[in-house]
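Next come two complexes built around subunit A: one with subunit B, the other with subunit C.
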Partner chain A sequence: MMSDLHELLYELKKREDFEIKVNVKPAIKLPAGLNKKLIYEISEAKNEPAWMTEHRIKSFEIFEKWHEPDWGVSREELDLSKIVPYVKPNAKKTTTWEEVPEEIKQAFDKLGIPEAERKYLAGVGAQFDSEMIYKNIKEELKKLGVIFTDIETAVREYPDLVKEYFMKLVPPTDNKYAALHGALWSGGTFLYVPKGVKVPLPLQSYFLFGNPGGGQFEHTVIIADEGSEVTYIEGCTAPKYDVVNLHVGTVEVYVKKGAKMKYLTMQNWSKNMFNLEIKRAIAEDDAVMTWVSGSFGSYKTMVYPATILKGDNSVSENVSISFAGPGQHIDTGSKVIHIGKNTRSTVDARSISIGGGWSFYRGLLKIMESAKGSKASVSCTGLMIDNKSKSDTVPIIEVYNTDSDVGHEAKIGRIKDEQIFYLMSRGLSELEAKGLIVKGFIQPVVQELPFEYAIELNRLVDMEIESSIG
Partner chain B sequence: MNTMKIEKTLRLEHQNLRAIVPQRKTIDTEDYKVDDFKPGGNNLLDEWRIKRLSEYLTYKFPMWKRTGLKNLSLPNVLPYKGLEALDIEGLNLLETLDFEGADRKFVLLADVFSSSGEYIVVEDDTTIVVNDVGQIDNTLIDVRSGELNFVRIVERPFFIGNLRIKVRRNAKLNLYNLYLGTSKDDLLISNVFIDVENDSKTMVKDFYFGGKINVGYVGVRVNAENAYADVRPYYLGNEKTVIDILYLMRFYKPNSFGNVDAKGVLTDEAKVVFRGIMDILSGAKEVEAHQSNHATLMSLKAKVEAIPSLMVDENDVVASHAASSSPIDENMVFYLMSRGILKEDAQKMIVRGVFETLKDELKRYNLEGVVEHALDSVLG
Partner chain C sequence: MLLQVKDLVAKLRDEEKVILKGVNLEIGAGEVHAIMGPNGSGKSTLANVIMGNPKYEVISGDILFEGESILDLRTDKRAQKGIMMTFQNPYEIEGVKLDQLLLIAYRKLHGEDKTFFQLDKEMKALLNEVGLPSEFLERFVNLGFSGGERKKGEILQARFLKPKLLILDEIDSGLDVDALRIVAEQINKLKEEGTSLLIITHYARILNYLDVDKVHVYVDGKVALTGDKSLAYEVEETGYAIVNGSTNTNSSK
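Our next item is the complex of A and B:
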């Protein structure tokens, strides 16, 4: 039987007809615009220590100097001066679901957060607008020293850890949007898994957006200490508004010696969203970093999960599926930088373009001189359901040593008539046949997901196909 | 006058969506001025050249990070030579073959300031070998019928050139560009634009060796049905040579075939930048387009950068690309050693094998020695 989570995700994917409705009055909603006064107000509202306020101000100064990145999706419609940077929900942070205000709870209940937590998650976080309003973790993991909290709490309770890792992998000087994020960040997850601890079930955070014209700038820091193992899932959704919303989340993952980290993202923002994310991991000796990404929503997306294979024998896996439907421009990809010896990486990027959508794969694979004995393979596959859509792949491969094997291949094509004919001869409708083939196409991503999510992803695909060509 | 749009190198739009075109970075350097314009004596052509000059003056020279082009020293302008023989028909053709190339500035430079070149009309099977290109060259070829074998040897310390070719219905083109560096300071910027018609067949083979900076652009516009285009770039890089090559094929109509298959060998501190673009527009059904690049690396400091792009707006196509780089295959070396060949000789044999097809084809022009000589100078 399908859980509430699945029911809601199913509803969400019906977009216009089935958008979730959120009607929550915020406790604080700062005016649109970007200036130092506003940044001080955010810092004050969060009761932050001086070093963090200073970090924000410095980031803002960098932001003002940086030029717009001269690549990626056109951002002409994105007027940063009209984005509301901080909306504090009318709710205190809690670890008890019952204490969450009723109207917010209703929205998250629909997302199945409590249900999912009971059934198959080791811990759950829920962010509404700019703040985490709920965070809980199983007691036995707490006893093992696992820290799973919102980043504001971490700033107060674990300042040394935060200072060591916060915006060190993605510094504000990285690009204009990293600087913007450094100035405006709010909410997000801080996860620390101690040495040798293997978290048996995934941890999850869910991000819900409830204000028109708002920006969400959550920050996630994950440290998988030596020999640990952990899986983290993030889900994103929002109701659709008539004005542009902005999401500039940043994720920093530190995978220490021998640790294994799997980071799963299911992105289903509404179609008024500019989704400009920065995701970066650094892997030490023998560490394994896996990114699994599904990009379904948003108006325009730019996200390229990156792994720096610093340690010898470290491994990066990157599996992604992006779905560009009518009006969507989904610019995604991957970056892998091999520094350590005998490092390995694989990229399996798949995209589906349908109903006029534009899917663009942009990747970077860099093998440094020091990365002797490395192996890397990049595979990009684009499935074009119709000839109104567009599918592009632009991988950049840089090899700076002779003792490495590097391979790349890409294919773009359509569903063949004989495939559809065969399935229709077995009693499927054309729509069902196309849906089945697409589901086969995305199988490498589906198999990385927990069972319940895999079922849901298949349902999403059915619905996308139906709404785009049905 | 039959005017067509400029064939842009990158097409980054789809319906009402747009991607940002990377900003063109420029260098400040001494440039040609209006006074440097030298009339060619053909009023039709000079009028066209003055229009090009007007556009030329609006651009600065590009700065190319990957190529290492950070400054530029232009030679004195020589008396005009190039397309003086152009008639109205030729001018109309020239107008239809406008393109952006590796950079618009260099295309315009060669159009205005060339000191060598020719306007060639081919009606029957013809073989032409050119080995006296000037420092700035502008050549236009109209292959109206028959088969043209055109071999161009460019061996100059400074070369900026345009080669435009129209391959008409049922015509055939075999083009060989042999770019041979002469010193460690050479600069070569070659733009080749080929427009093919229905049922035509085009084969291109490029060979890059030596010099300092080699920039090559080959654009094939397949605004045609049942056309066949096969492009094979070869590169042999040694010392500090940089070879930055861009191969574009753009398909507008159904049922054509295109292939770009690049391969090469790098030693010392040589670097290759391979850029491939297979661009298939909506409506170009049943097009088959493939692209690949394989680099064999013989030195720890050799570098490969590959950007093999596919841009597809039509779903009823077969489009693929592949890129790889690796050291010399140890299994192949082992096999040869097991037959009594010394390791070093086995490696050389494998490297020579990469260029074997090209050498064989050049035999009919008695030019196989060009490749052999380059290999000897690298492998000893």
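Our next item is the complex of A and C:
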């Protein structure tokens, strides 16, 4: 059976791309630079309890002491003293789109968020600059005890849950940017799914950047309690500015006994963004954690979604596609640590480099001595569209017991001239032929996505290829 | 005249050796031509050069399609004019389903003249005709196809995309009798629907099933002999030695 997807793709190809421009005066825009006074101001603007203020200050002290990581993308052009760490939008937090200021609403309209919410999402959050301006969840899920809110609200309304989980999996001591995040975090998602609750539709948060030179430091905590199931989608976008922007988001996912969590990311930051993220999940007995990541945008990216398979029989799946176009350096990889017995993991990482872009796969698979009878496979594939581009893979595998089964495959390839000729003989232009081959290459990721996102991903591929070689 | 190949001389772009050494060929609308020749004589090169494979370079001569030179056109533009070729070893495109390729190609070649549902129906009907299972359209283009499936897939694409001129590059090689008969039936249907055909082959056996207007014997980069279907059987009997001494051909001008 042929799906309508192909037809829709064809329709979308013809559609003009939109451009998001947002011109809204913020309510608060703190000056650039990093100092304790500024951190107190952020905490005060958020009207935080003392324990959170302390957390920020402690994190900042750690940040000041920590050294820069000596690997990954070059951060020479990133001057932290020039980043504006907190921009509060002139908008109240609301649960209806009617109350969102018109200009901001228009931007989200263009991204199709309110429409998506009506059609196929269980709940939506929307962040503009440093704050969540919209968060809504279907009434029936609320009744089942699902909590879907921003961290600020969670700090006030569920302080015990926040204290138990916030920055416990990614502590400020983890690395310099985790510490920076601990000091400056703002906005993001707090999602709690109670025991046994299966959320039938995905929940989504969308992050939009509206200010040149700004930094976004949203924090996401997800707790999938025992036997629950949930899919969460994170989307990011921003208009391009001629100054550097910074995104240091942190995600912590707790997958309890027998729960299933799927975390999807569609990252399409503008090409002036330093995107330095930390994503980590911990899975207990029989739990399943799935990361699906699409990295398209940003100037330079470092992100390595990690799963700690702590519980016996727990499972980690990691599917990713990264796209490095002209000037971009995308440094990504999956990390899986097997601790529990009979744990299983798969990594399918694909990267595309085009027009001088640089894709770097940096992954870690670690099977501890305790993880008897575990099974893991890592596959990383790079596709280079031209000779200017670069692709590297450094998959590190460490196995500390003798009865685990580990498979590994790494491949770097190019599009063959014969394939292009074959497709051109069917009437496709060279660009369309390359686009189709690339879409085929990322198909394993696309099939993991809900229909509408699959279309969006394919549309992004077309745009990226066109702008890179068109 | 649909296709006119005039004194065509061509070589591989990266090599010195000339492969096509002055090919002349004319195919009228609705005609079926067969080209027979020994291995390594450059038959496939002719197909590739007509289709515009950038691997090859035309040194002299011309190719006219519907009276206009197509030498400056890229492969996709030639396809859009109505030229198509099937490949001896069609390439694998991982992750791209056959129906996806068919649909995109159809829209490129014929635009919006049919709805998605009409096209979907046509694809399935054709699938049935060539005797392929319904999940075939869902498979990735040529990936893991058997030899017979590849050839059937190619001919199915041709039926669906309805070119004005179809060049079949050894569509019959590696086919068993049943598959050969099916492919030949499809070639006849293409002809009925108005497609002109240039069949490149080693063997006369596929021609048993076909109405062929002209048979060309192609040796050492040139069309050496042209005749009717009986020429194919003569070649099969006596081998390509038939060319030696036969100077009264209509291709030497």
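The criterion applied here is as follows: the second predicted complex is superposed on the first by the 451 of 470 C-alpha atoms of A that agree within 3 Å, B and C clash if a C-alpha of one lies under 4 Å from a C-alpha of the other, contacts with A are read in each partner's own complex, and residues count from 1 in each chain.
Keep in mind that, in the parts below, a contact is a pair of C-beta atoms (placed from the backbone, for glycine too) under 8 Å apart; a residue touches a chain by one contact, two chains touch by 3 or more.
This is a predicted model, so every value here is computed, not measured.
Visitor: Based on the superposition on subunit A, does the combination of subunit B and subunit C result in a clash or a fit?
Guide: After superposition on subunit A, subunit B vs subunit C: fit, no clash.
Visitor: Which partner does A:E418 reach: the first (subunit B), the second (subunit C), both, or neither?
Guide: Touch status of A:E418: second partner only.
Visitor: Which chain, subunit B or subunit C, ends up touching more residues of subunit A in the combined arrangement?
Guide: If we count touched residues of subunit A for both partners, the winner is B.
Visitor: Taking the superposition as given, does A:F451 touch the first partner, subunit B, the second, subunit C, both, or neither?
Guide: After superposition on chain A, A:F451 lies in contact with neither partner.
Visitor: Is A:I437 touching the first partner subunit B, the second partner subunit C, both, or neither of them?
Guide: In the superposition, A:I437 contacts subunit C only.
Visitor: Is A:G427 contacted by the first partner subunit B, the second partner subunit C, both or neither?
Guide: Second partner only, subunit C.
Visitor: Using only CA atoms and the superposition described at the top, report the least gap between subunit B and subunit C in Å.
Guide: Taking the overlay as described at the top, subunit B lies 14 Å from subunit C at its nearest C-alpha.
Visitor: In their complex, what parts of subunit A are in touch with subunit B?
Guide: 69-76, 327, 329, 331, 356, 358, 360, 369, 382, 384-414
Visitor: If you look only at subunit B, which of its residues touch subunit A in the complex?
Guide: 14-15, 17-23, 282-283, 285, 295, 297-327
Visitor: Can you check the complex and tell me which residues of subunit C touch subunit A?
Guide: Result: residues 51-55, 74-76, 79-80, 84-85, 87, 90-97, 99-101, 103-105, 107-109, 116, 120, 123, 137-138, 140, 157, 161 of subunit C touch subunit A.
Visitor: With touch defined as at the start, can you tell me which subunit A residues reach subunit C in the complex?
Guide: Touching subunit C from subunit A are residues 1-2, 4, 6-7, 10, 416-419, 421-430, 432-433, 436-437, 439-444.
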